[in-house]
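Look for chain A in each of the two complexes below; its partner is chain B in the first and chain C in the second.
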Partner chain A sequence: MKVRFSLLQPLGLFVVILMVLVLLPMIASTYLVTFVLTLFMYIALAYSWNFISGYTGYISFGQIALFGIGSYSCAIFILKWHLHWVLASAAGSVISGLFAIPLGLIMLRLKGPYFAVGMMGLFQFLAALAASWKSITNGATGIYLPPVSAVAYIYFAFFGLALVLFLITWGLERSVFGLRLRTIKEDEEGAESLGINATFYKVFAFVVSALSCGFAGGVQVFYVSYVDPSTAFPAVLNITMIIMCLLGGMGTLWGPLIGAVLLGQVSEFLWVHFPYTYLILYGCLLAFIILFMPSGIMGYFHKQKILRGVIQALQ
Partner chain B sequence: MNHVILSTNRLTKRFGGLLAVNQCSFDVREGNITGLIGPNGAGKTTMFNLICGNLRPTAGEIFFQKKKITGYSPHRLARLGVGRTFQLSRVFKGMTVWENLFLVPPPTDCTKRSDSKAKELLDSVGLGHRMNTYAGTLSYGQQKLLEFARVFMLDPRLVLLDEIFAGLNPEETERQIKTIQSFRDQTQTTFVVIDHAVSIVLRLCEWIVVMNQGEIIAQGPSRDIENNGRVIEAYFGSSSLELLMEEAG
Partner chain C sequence: MNPFSLILQVLVNGLLLAGIYGIAAIGLNLIFGVLRVANIAHGDFMMLGAFIVYSLSTHGVSLLIGIPVAAGVLFVLGVLTERFLVEKVISQPMAYSLLLLYAVSLVLRNAGLNIWTSNYCSLDPIPGSLHIGVLSVSEIRLVVFVIAVLLTLVCTFILNKTNTGKIIRASIQHPDLAGACGIDVRRVRALTFGIGSILAGVTGTFFIMLFSVNPEMGDMMILKLFAIVIVGGLGNYLGTFAGALVIAMAETFTGYFATTQASDLVVFSIFLLSLILRPQGILGEKKAR
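Then we have the complex of A and B:
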């Protein structure tokens, strides 16, 4: 298999950037560290959305539901069983992943807008459930955890997660497994007729997405040391991770990274300068991307590549 | 005579009030090219969808290599050796020609590497030089050729071709006929062909099954079918009076 997009060739540059990012918590200001930390969370979530929606084409408007399950599980594990927060996040991730198996088998029977709306409904349902199931979630009051001493640990947790998800996506882009995953987006019935078990691939992507969302949710809970229905199921983050992936380019290796880094900066800027209207501007941005660049920044490069191929064939 | 590779037994598919396929029984013999013809809406594609597991029959059974396969999922049937192409080509347009073939899961008993097999298949349909182009940029005829080559990545024992000649120019059609014949001769693959171009089907196939309004109205060797009154009637129509007279003798 050829590498789809070989930006990785300057491996040296990659290593240098990685080194800088590893050393950042020791040298940079707390503000910068928390900012980059948030970026890493965005990157991780954008990649996790990319697995299910970017590769299989099943657009989920409620992937954050799995973030919420991870959040609550992690909080409960820390509080009731006194687990170390990394272990608790991992356990939250596993619970989210396990929950995703039956959920995926049911939900992924729905197609197109039905799946999108179905996931959105699920996300709303879980948020409502979290608010009303007081014996476990403590309802709208939420669960408080001991505050975090060092931000650097959180930083490395999100950094590690983002890096792992990037590497998994890199593997997908190079492997026949990734090709088969993409056939579902192109033509599910056609894929089935070639002996590809579409259900298995879809559910697999959904579970990988759930595992990473769940882990991110767990780390986030420990970071803010508090969980209630609106921090576990944040509606804004739900849309943010989707816009990031769309902006960068769905179903590509670099798309989620580029989208998350760009939009992370933009949203910070908007939030600081337009604290009351920034969500409106966000919505406008989403509409703009869908209207004018539906395949994102990477999609633009991809089109150029196809065009070059056509021109070569004509010559 | 070769033994039966595929057979349907009183196969029925009902869509609400419409009987798309009604108690159809027919056999396909190994190594044959069988034609399935009939006017629009006769139930030919529904029949393919039933055989390939895209639809579940309302009643009846399907046997492949003496094994009952009714209700099997399409991917399972593909792994068993039932390949198909679609009425409208279903190549993965956003992938290269080569990727289109390479992604097909290799059969379990396959000894040959996927990449050398893919290359041979592409060469045999004349797409060897287009391996790195995106499938979506190929002409419609070439996409059909690609879809045809791709199905052989499964090492199929039975291939169902749904209107493989539709949208091909006469030259491409001739070439496609030769390709099907040579694949059959080399690999002993069994084919079932649906097409509206009756002259091509009669030329290509040894055995013809004729459907009309969900029912099989005739089947037999192609030379017998050519002159069959009911087939001519299904295609060209006939007033009920003439029909009555005919029956009266």
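Then we have the complex of A and C:
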């Protein structure tokens, strides 16, 4: 590897990209801004799934349940308490995080498939509850909020969330905390015998994930100015965030970003045009990833010598 | 109807439902026992069994042929799923098999939605009911219950008394040693997955005979089945039946005296409670987690 990436001075490149993204709402068309905005939401959700499932190996099939809790809390805070939407999203995020603590303590205390199935059940249960608990959620009719005038604020909210999650993951990659999460993934009993309180770390990762999902849910509600059971608990998004993270490579810094960028807009297109068949495609893609490239695109890069330099430069 | 006979009636209905849940849950538990894999697509296997019988009977095929056909298809599907998907990741952490089976579930459910749409379907109700004192029980539910109990007994008999059962149990207890004794553990795994899938499929056919269902039925079923297996204890077949009884009773009672949504809440609460109180199951021995 003689090639030096002088153009790719990592920090410089990073700053340039950041500047472009910050300036984007002022220079680009509304269409492009909403396009990138949605992408940021996908990136944020992929990272939040990555925290719990990518790093600890505990697969969550219902992380979107926490997105839904954030959505409804935010909508209710805006409507009944007239909170500013950023505060309302933050409050939704906190509620979602608080909710995750007892839930995580119950389901993550044990090994085995309990967590996966429990999250799947929670997701369905909450969606059903939202449809039937009319006094709070207004049932299937949903809650309407005042429409949004400026998309730029939403853009910055999602951009900020995605950036923060990226930076947290970046920190995880080089911290003892991240190392401990990985140890739990590799060998939980071994980790415990080394004195690592596995439950604490798992629940912590779960709560961080819940906080970010909840915040994303809150911002999303404000953005579409409407919430009903199917927008708060979107089953398709639940699957998409998992596959995005896996495609990029779970438990890696760049994986969720790559996966979300690759799949994010494709999924939107397919969803509109092939409502049922494309989920079959997703199933096949998921099986393909697990069987042939379980560590995703990042894992594939790591095996190829050519790109190893790029990855090292970026990390 | 006086309150006492109402409660008695609900109890009987709960018992009949428990019989049906029991078979599918035993299938799930058997697969978990042998493969250490949580079949998250179990509910969708049920759906497939149900809708195969539905399609056949709309073409005038009798149930007596339809159910064995569904069982056969599910067996083949189960064996193929194990051979070509689960077997490849059997030595990997559980996350891999969970995600793979999730993929299977996605494909099956959405294929089901494409073929049969999301409308609720049911077979023509089979008339006839028995009256015992104040109770009235539809005959077909009784027949289904008896078949369910018989199937469970046959499964327990096969597991405990026959050579095949011995081989399966050996593979559960110590796969490596079983392999060293000349047991083809891979074959046992495929066979078990096939048998488990049959049990799911047959339960599905019972479901469409008694209730109306749509291709998304796997969604709500899988949590109930796991709640049953977890309440009963993973790998414990008698416990599974006890678990089915707990879940079915809870569901029927809240369904009668409150709402269906409330019964979902109760099932989920039982699931969480059993994780807190007795992760080893109600009949299980105290074991390390």
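For the reader, a short list of remarks on this structure follows.
Operating definition for what follows: the second predicted complex is superposed on the first by the 277 of 315 C-alpha atoms of A that agree within 3 Å, B and C clash if a C-alpha of one lies under 4 Å from a C-alpha of the other, contacts with A are read in each partner's own complex, and residues count from 1 in each chain.
Convention: a contact is a pair of C-beta atoms (placed from the backbone, for glycine too) under 8 Å apart; a residue touches a chain by one contact, two chains touch by 3 or more.
In this text, all values refer to a predicted model and were calculated from it rather than measured experimentally.
When both complexes are overlaid on chain A, the residue A:M120 reaches chain C alone and has no touch with chain B. When chain A is checked against chain B and against chain C, the one touching more of its residues turns out to be C. When both complexes are overlaid on chain A, the residue A:G112 reaches chain C alone and has no touch with chain B.
In the overlay built on the shared chain, the residue A:Y276 is in contact with chain C alone; chain B does not reach it.
With both structures placed on the common chain, the touch criterion links A:A128 to chain C but leaves chain B unconnected. By the touch criterion defined above, A:S193 reaches chain B but does not reach chain C. For chain C in complex with chain A, the residues that touch the partner chain are 38, 40, 85, 88-89, 92-96, 98-100, 102-107, 109-111, 113-114, 219-220, 222-223, 226-227, 230, 234, 259, 261, 264-265, 268, 271-272, 275-276, 279, 289. Residues 52, 54, 73-75, 78-79, 83-84, 86, 90-95, 99, 102-105, 130, 132-134, 136-137, 150-151, 153-154 of chain B touch chain A in their complex.
Those residues of chain A that touch chain C in the shared complex are 53, 57-59, 61, 106-107, 109-114, 116-118, 120-122, 124-125, 128-129, 131-132, 185, 239, 242, 246, 276-277, 279-280, 282-284, 286-287, 290-291, 294. Those residues of chain A lying in contact with chain B across their complex are 1, 176, 179-180, 182-183, 186-187, 189-198, 306, 309-310, 313.
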